[in-house]
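In what follows, chain A forms one complex with chain B and a second complex with chain C.
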Partner chain A sequence: MKKLSSAKLNEFFAAIAASKALYLPVDNKSGKAEYKKWEAGEEMSKALNTVRSAKDFFFPQTENLMEFKMDGKRVEVIDTRAEAEDFVIFGVRACDAASFKILDSVYLVDPVDSYYKTRREHGVVVTLACGKPAETCFCKVFGIDAADPAGDVTAWETDGAYMLRANTEKGEALLDSVGALLEEGDEAAVAAAQAKTREIIERLPLSSLSTEGLGVGKTAELFDRPEWKTLSEACLGCGTCTFVCPTCQCYDVRDFDTGNGIKRFRCWDSCMYSDFTLMAHGNSRNSQVERFRQRFMHKLVYYPDRNNGTFGCVGCGRCLSRCPISMNIVKVMKTMGGKNK
Partner chain B sequence: MNTETLIPYVGIVTEITQQTPDVKTFRVEAPGGGKLFEHKPGQCAMLSVPGISEAMISITSSPTNTEYMEFSVKKCGCLTEWLHAMEVGQMITVRGPYGRHFPVYDELLGKDLLIIAGGIGLAPVRSVINYVRDNRDKFGTVDIVYGSRSKDDLVYYKEIVEEWMQTEGFNVHLTIDNPQEGWDGHVGFVPNFVKELNPDLKKTVLMCGPPIMIKFTLGGLMDLGFKKEQVYTTMELRMKCGIGKCGRCNIGNKYVCKDGPVFRFDELDELPSEY
Partner chain C sequence: MQEMMKKRAIELLANGTCDRVLGWTNGDFAYDQTPALFRTEQELEEGFVYNGFSAANLSKYLVKECRAGGKILVFLKPCDTYSFNQLVAEHRIKREMIYVIGVACDGKADVEKLKEQGIDGITAIKEEGDTYVVSTIYGDKTVKKEDVLAERCVNCKSRKHMVYDELIGEAGDVIADCGRFDMVEKLEAMTPDERYEFWRGVLSRCIRCNACRNVCPACTCEQCIFDNPKSGVAQKAAANSFEENMFHIIRAFHVAGRCTDCGECSRVCPENIPLHLLNRKFIKDVNTFYGTYQAGEDPAAKPPLGRYEKNDIEPGEAGGVKA
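Then we have the complex of A and B:
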């Protein structure tokens, strides 16, 4: 355990940024927290979490995959991947850190997605334990401890200092590189901070949400439930929930004619969109109720089925505050789950 | 398999055969000759014309063909229209092979096979048929029931008559939807034809065709006394990656591109009916 005096925080950021790109949450002009590359003078946001999740670092919203040169009947494939550089993300919350594990379980299983893997290997994740979880938080429901987040380094904010614990070799190396700024850490201060956070979590309204009746093997039981229709009735199919969701990982691949060749890129896509499954001969999910059901069944049943019971939600609460019709996964769990009536 | 997922090989179209008014078969070879990669019967590949799009197409040639791969494509959308407009010598991109193949290396060995197809649905099972022809001693009898809208819509007609019908142990039963001049064969839909043929219950069934044909043929087979455990099919859904990541072909806890496209009907029973 190491200790960084809060007064030295900007010095600490400068020391990291001297050798690696450093990203952290800062408040934008409209006061919303977003990840930004750190520059001298930049202040870390005090917000509980960023509006967009941290998944962008490993699974960016758009990304060029390759290019093609076309010449008459000839086609040439050009691998445009550049050498990746190391980067550090500071201030990732426990929910987003847990979402990386979920993205890993998709992109790092055979056949491995080399684009994603490269970024994972080059990224160092410094998590920051939550001090004041909010009413929309329910990470506890999925076994995530906001007071002890994962990551290469875990940080806790205590009185006048940050306590830092390296969890991996990458994390150790990062702390070693700024060792001159660090002192011996204070375990008791961390324990006190954790106790305070956990006490708040216990009192949060959604902490008692149950996953009973959801998860492994529940497809047949839940798929034809009539409630899908009422739950999805007002859904606009806007896809906001999928875009702010740290675990949504579906993508589209498209080609763009630059006038000087073809760029093939991928971008986030959403199972909430009507053309997601559209083929020349028809659509396997024609109505919004089917698309709505797919999104929640995937997170609450299909994903757990394939991943030893782990749910495809980390309880970050972003969809609770962003959905324009106030629909969200909590309402779905309460309606479909067994113990939330 | 190419370890760089999503990055394709370049192949050259070396022969184009007009099968029916809207189906063409494309022979694809590596630029230096030979196949781009090995595959197993029933597997698919992502074909693309850069700048247009990429789509999953079954590899219709048998893995026993050592010189080239073939893809039969029905003209029905953006990419397929472009493919149909191609001339010999055109390069396209190909990546794969993807998905679960028909179990020709284990479960189907020694079995009598009943292969049922409708329209372009013969393309994926043609790979099996020609694999079995080239490994004749490893399999029992092969009955092929194949139907299409009209005589002109029967794909691989020449190959069926000149090769499959001449193969020992092969019985080919063709049917078309409506009577047609110059056709003295069976007339009627595939599901009824299968029932009329009253196949032996010991056969293992491989089936591919339009969803409506699959539905009624499966019902007919169940009526005859077949069990879902002895009937295989191969599916088609929209795909972008082919490797179980883009999320498009997800049904229940399966990804059709990776866990399929070949499924046994008892396996499909466990999935929601979203295909």
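Then we have the complex of A and C:
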């Protein structure tokens, strides 16, 4: 355990940024937090979380995969990937850190997604334990401890200082590289901060949310439930929930005709959209009820089915606060699950 | 107010005036209401809610509901009645299928503004006069309603209903000097470079979730061009960053002269992009060049961009920056 005096926070950022690109949450002009590359003078946001999740670092909204150049009958395939740079993300919350594991389970299994893998290898994740969780938080429901987040390094904000604990070799190396700024850490201060956060979490309105009736083997039982219709009735079919979600992982691959070649790119897709998984025969889900059901069945049944019961949601609460009509996974869980209706 | 509305809805269901009711239903924290259809007295008793957080404009849902047949009761706030009229004028909804109860509105609250005041961990909200008493896990707080007013309500253009079959609550007036074009004027006063910076700045936050389009009562195309895979313009992202900007500009052009300034686009934007300013610029320009016109005020009025008159302004006469 190491300790960084809060007064030295900017020095700490500068020391990291001297060798690696450093990203952290800062307030944008609308007063909301977003990840931004740190530069001298940049202040870290005090917001609980960013509007967009930290998945963007490993799975960006849009990325070029390759290019094709045509010369008569010759087609040249060009790998457009630039040399990946090392980077550090500071201030990732426990929910987002847990989402990386879910993304890993999709992108790092055979066939490995080399674009994703490269970024995972080059990124160092410094998490920050939560001090003041919001009513929309329910990470506890999925076994995530906001007071002890994962990541290469875990940080806790205590009185006048940040306590830092390296969890991996990458994390050790990062703290070693800025060792001159650090003192010996205070385990007791961390324990106190954790106890405080955990006490708050117990009192959060959604902490007692139940997953009973959801998860492994529930497809047949839940698929034809009539409540899907009423739950989805007001859904606008926009992609907000999917795009702010740290675990939504679907993408589309498209070709962009540049006039003298093709740029093949991928971009986030949303199961809420009418052309999601559109195939030659047409669309497999023609109504909003079916699309809506797909999103929640994926998180609450299909994903657990294939991943030893782990749910595909980390309880960050972004969809709760961002959905234009306030329909969300909690309301679905309460309706479809057994308890807490 | 809520109880009066609920009671009346139950009566109108019972006497056959309508077979379903379009309203709002409560969520987990008192502020997270979802638009909902109520089909029975019991559903209304259990779920119907109307308070300072019943913000969603319900008029667009009527497009879908009219296709389902029957007779629908809808509750509309003053600003929603403009959208309603516009949808009638565009033959998107059938007036005779809908029973409209106009409900008084003194502005809706934006929970984000509560959060900006450091209020977190909200468990319940109670209205008391001109304040909200907010219960949170960190203790109770009282805020003035006017301090947490939604952006669009700060410049409310009208508390008068443009259409209704009956009214609940006290009707207000059109507010001529609401100041809704103040920010547009500020943008107009900027240099082109400053203005370009402003718009690129705010639009760069766009995540192309399409919430602004999907909530917009003026966006009722059967298939949006951005949803057509053959159109060559992706609905998701973003071959380049300029595409996001074009999406919003094209949308603003398409709703020009039809946008009633209901403000739903800015309300739902997860990135707080002030999209209503684009629409207000068009409204202001229409007022300047074709005479004062408010979409949705009168469903029988000829829309300025849908008619031709010999003395219409010619391109180039409007001024602006030449390319």
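Some observations on this one:
Everything below uses one rule, namely that the second predicted complex is superposed on the first by the 340 of 341 C-alpha atoms of A that agree within 3 Å, B and C clash if a C-alpha of one lies under 4 Å from a C-alpha of the other, contacts with A are read in each partner's own complex, and residues count from 1 in each chain.
Going forward, a residue touches a chain if its C-beta (ideal position, glycine included) is under 8 Å from a C-beta of that chain, and two chains touch if they have at least 3 such contacts.
Just so it is clear, the model here is predicted, and its values are computed rather than measured.
With chain A as the common reference, the superposed partners chain B and chain C fit together side by side. In the superposition on chain A, no contact is made by A:Ala18 with either chain B or chain C. Within the superposed three-chain model, A:Asp252 lies in touch with chain B and with chain C [touch as defined at top].
In the superposed pair of complexes, A:Thr240 makes contact with chain C only, with no contact to chain B. Looking at the shared chain after the overlay, A:Tyr107 reaches chain B, while chain C stays out of its contact range.
In the superposition on chain A, A:Glu290 makes contact with chain B only, while chain C stays out of contact range. In the superposed pair of complexes, A:Asp269 makes contact with chain B and with chain C alike. Contacts of A:Gln61 after superposition: chain C is touched, whereas chain B is not reached. Looking at the shared chain after the overlay, A:Leu278 reaches both chain B and chain C. When the shared chain is aligned, chain B comes close enough to touch A:Thr219, but chain C does not. Taking every C-alpha of chain B against every C-alpha of chain C after the fit on chain A, the minimum distance is 8 Å.
Note: residues 252, 254, 257, 269, 278 of chain A belong to the chain B contact set and to the chain C contact set alike, using the contact criterion stated above. By the touch criterion stated above, chain A contacts chain C in their complex at residues 28-32, 34, 48, 51-52, 61-62, 132-136, 200, 203-206, 230, 233-234, 236-240, 242-244, 252, 254, 256-257, 263, 265, 267-270, 273-275, 278, 320-322, 324-328, 330-331. Only residues 27-29, 32-37, 56, 61, 111, 116, 120-123, 136-138, 201-202, 205, 207-211, 213-215, 223, 227, 229, 232, 234-239, 267-268, 270-273 of chain C touch chain A when the two sit together in their complex. Those residues of chain A lying in contact with chain B across their complex are 65-66, 68, 70, 73-77, 79, 106-107, 109, 111-115, 219-220, 223, 249-255, 257, 262, 264, 266, 269, 271, 276-281, 284-285, 290, 294, 297-298, 301-302, 305-306. Considering their complex, residues 1, 3-10, 50-54, 76-78, 80, 87, 89-93, 236-238, 240-241, 243-248, 250-253, 270-272, 274-275 of chain B touch chain A.
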